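Working notes, beginning with the structure itself.
Here the chain labels run A, B and C in written order, and each chain numbers its own residues starting at 1.
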Amino acid sequence: MNASTGHAMFGETPPVRRKLRQEALAQWVFGAMAAAMIVPLLLIVGYLVVRAAPSLNLEFLLEVPKRGMTEGGIWPAFVGTLYLVFLSLAFSAPIGILAAVYLNEYARDNWFNRVINLAVINLAGVPSIVHALFGLGAFVYAARFGYSIISASLTLAIMTLPVIIAATREALASVPRSFREACWNVGATRWQTIWAVVLPNSISGILTGIILEVSRAAGETAPVMFTGVVFFKAVERGDLFPYYLNEQCMALSMHLYTISTQVPGVKESIPFATAIVLLALVLMVNAAAISLRVYLRSRKKW
Amino acid sequence: MVNVPAIEKHIEVTGLRLSYGMKEVLHGISFDIRRHEILGVIGPAQSGKTSLLRCINRTIEFTPGTHVSGTITVDGEDVRKVRDVYALRRKIGMVAPLPVGLPLSIRENVALAPRSAGLTRKGDLDAIVEQCLRQAALWDEVKDRLDSLGTKLSGGQQQRLTIARALSHQPEILCLDEFSIAIDPVTTMRIEEVLKELRHHMTIILVTNLTQQARRLADRTMFLWKGEIVELDTTDVIFSAKPTDPRTRDYVEGVFG
Amino acid sequence: MTEPNSATPAPPAFAVRAAKRAAWAVVGEKILEALVYLCGFSAIVFVLGIFLFVFKEAFPILANDNFSLTQFLFSPEWYPTSEVNKRYGVFAMIAGTCSVTVLAMVIAVPFGLGAAIYISEFCGHKTREILKIVIEFLAAVPSVVWGFIGLTVMSRLIVQYTGAPVGVNMLNGGIILALMCVPIIVSISEDALKAVPDSYREAAIALGVTRWQLVWRVLLPAAKNGLLAAVLLGVGRGVGETMAVLMATGHAVHIPNSVFDSVRTLTANIASELGEAPAGSDHYRVLFLIGVLLFTLTFAVNLIADTIVRGIRRK
């Protein structure tokens, strides 16, 4: 209790001071490493926005590219991306959710299901350009869909399947086992248990997975560039339904690649603005996923 | 269905062995349970009490790596050969140690079983919900908020909700697995009153870690230890000064080492 | 509820057990469960399908007498469109892929680990949440945007500060790739650090070590398998990345001598030439063969990383 004895016992002797210094240094060093990835990113995004500023307006979004894509806007690419994203979602969401239900609720721990797990992990690891080759071989040629929105979105769907599977599995696994046992004990079948208790309580995680799939699909370039996306396609300004599903379309990601590497003489701010639109689209979708997660976590039911 | 002779065997277990992987937890136990009796099962943790219950309603199958041998018959029918396992489970009410209010409304918590069984008329469901909640001594507390979440109830209420759910499929057998572990003494006493009422309608297996609870309620008591039955006799004998096996006395008196 | 008569009409005895589920419900459940199984198995079908289709397109070139696999793997000469002297050697691109990936790892691993350590051991709850969200955002940036950043921002910086003649080169690709790999490395390493039991930390702190010593002598050794897996997954991502390296590394097919040389990776090579190779030509088939090579490579890397990660979880 005596302050002076306390000081004598636990005071700052030189070795203690050295330790404190070391501690502060460690915190500072690791903090700096964390900052080293974030600060440049913010600076870069800021730079992109500044360079893009002259073109960033609603007109840019709604206008079609003009004069050999050196002027005008990005409407056809924007709509094309929406087409690809939603079509691929229509394929991958049901398959991915059901696959996750299988893996988490039905699969026993045997070699066959270990192989399935391995397949999911590898599906996530296959390079995007290999997915493109697969899409070209399987959908464009073998299935005779040709270069089309269908081929491209199927390729995207298979590529983004692991995203949904992983998110859904995590959500399903977070439902306590005791809930399932309570249902089984009253004679509910496996599916009734899943339907009544498991799925309603993992819906938020599943939604997060779907949103992340959207963000992933919107940004991908390689898998679509050889399966159904073209450099240029003439479309009316602001037209919401410019494409048939068996036609090729434009996509934002591909458009950014094209105008920044393949087309000479593009008005300077256009590629920057395209990059910002794509980036903003993807980050906004991700932000939606994060806020949904935070919101639903705050009103958890158990 | 009533007026059956009290001696009739409702459940018969013969040479039941259960192993999780390499580890055997029940070493070939045999006993029977008579219709409309309360069988108390006492024994220290890890002696296989919960596993025994899970063998009876076959939810043990959901745990990977288990191996069961021996037979269990309910009403003379081998549970491992029944064709409709869901009907079997509906014959048996099961109450887990920790209260499980499902994240559904109170009404749906209780209506879950009849609904799964295929009962869809709202009138029937409401009647069953009310009856079961009354039986579980919960009706008066929740009758005005049947649509609020079952998980929002207090621990004791949730345990009674669990019992109501276990009763909702009108079982012939009610298994209670250490139901008082997470609730206060007052609620425990209320549920014990409920059980005394229910025993007229069904067979009850009461697994408990409170030996005195078995003494208060059970007709016969079984002392299970390390996967073997040490002794099974009427409760009076088990709790008398000299049961057959000295280990029983030691455990009952709390000097078990 | 407005049910008029909810005052205990005792339900008919054994109403529940007499109840039968509607036929459509039973059949519907069977169908849905069949669908669940089907979808569960689909992952295998897709992975096999990917390998088979890519391999099928590549196979004829393997059967071709003029083609030698040794030359394909070990010759740096890539002249697919030459009239007189076609050469399909991808060694230079293998070197390109390896060098860019290694460079990216050299940059990303220390920073990724450092950030993971900071997130899991040093910062407060609030900072941790924010950092995790930022890392999620970092992971979400599309690769074509990274490529664009490399092409415009990074290349300018490189030219300005290093005096290199061109900004799109191995260094540029390495930095961009590093930024892309960091989120994976951070999140997996953070999981690995979290998996170290708190008792280790408490024991060490009770001995009076500083947090620096704690990290260096206790956490890193205890989490080393997980960290290895994190690095491997980063490598997998680096090898497979296409658009960013396509735009940021320049296009010269040759074995790089310094970090300022421009290189071409296996992935970028497919992306840049597939459009021009006529379907069914030797050139086209060789590009698919590169795909088979990439598939095998990433398959192996992911397999090893997964084995390590599962080993940790089991503990």
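Basically, a residue touches a chain if its C-beta (ideal position, glycine included) is under 8 Å from a C-beta of that chain, and two chains touch if they have at least 3 such contacts.
All of these numbers come straight from a predicted model, not from anything done at the bench.
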Kindly list the shared contact partners of subunit A and subunit B, in label order.
-> C
If every chain is reduced to the average of its C-alpha atoms, which one ends up farthest from subunit C?
-> B
Most contacted chain pair (by C-beta pair count) = A-C
Once you find the CA centre of subunit A and the CA centre of subunit B, what distance in Å lies between them?
-> 48
Please work out the Cα centroid separation of subunit B and subunit C, and write it as a whole number of Å.
-> 50
Rounded to the nearest Å, the gap separating the Cα centres of subunit A and subunit C is 13
Listing for subunit B: what residues touch at least two other chains?
-> 87, 90, 113, 116-117, 168-169
Touching two or more other chains in subunit A are residues 189, 192
Across the complex, what residues on subunit A touch subunit C?
-> 19, 22-23, 25-27, 29-34, 36-38, 40-41, 44, 47-48, 51, 94-96, 98-99, 101-103, 105-107, 115-116, 118-134, 136-138, 141-142, 158, 161, 165, 189-192, 212, 215-216, 218-222, 225-226, 253-254, 256-257, 260-261, 271-272, 275, 278-279, 282-283, 286, 290
Complex interface listing, subunit A residues touching subunit B = 108-109, 178-189, 192, 196-197, 200-201, 301-302
Spell out the part of subunit B that touches subunit A in their complex, as residue ranges.
-> 57, 59, 62, 64-65, 86-90, 92-94, 96, 98, 100-104, 108, 112-113, 116-117, 149, 151, 162, 165-166, 168-169
Residue set of subunit C touching subunit B in the complex reads 1, 3, 5-6, 8-11, 13-17, 19-22, 25
In the complex, the residues of subunit C that touch subunit A are 29, 32-33, 35-44, 46-50, 53-54, 56-57, 110-115, 117-119, 121-123, 131, 133-138, 140-145, 147-149, 151-153, 179, 182, 210-213, 215, 233, 236, 239-243, 247, 267, 270-271, 274-275, 279, 287-288, 291, 294-295, 298-299, 301-303, 306
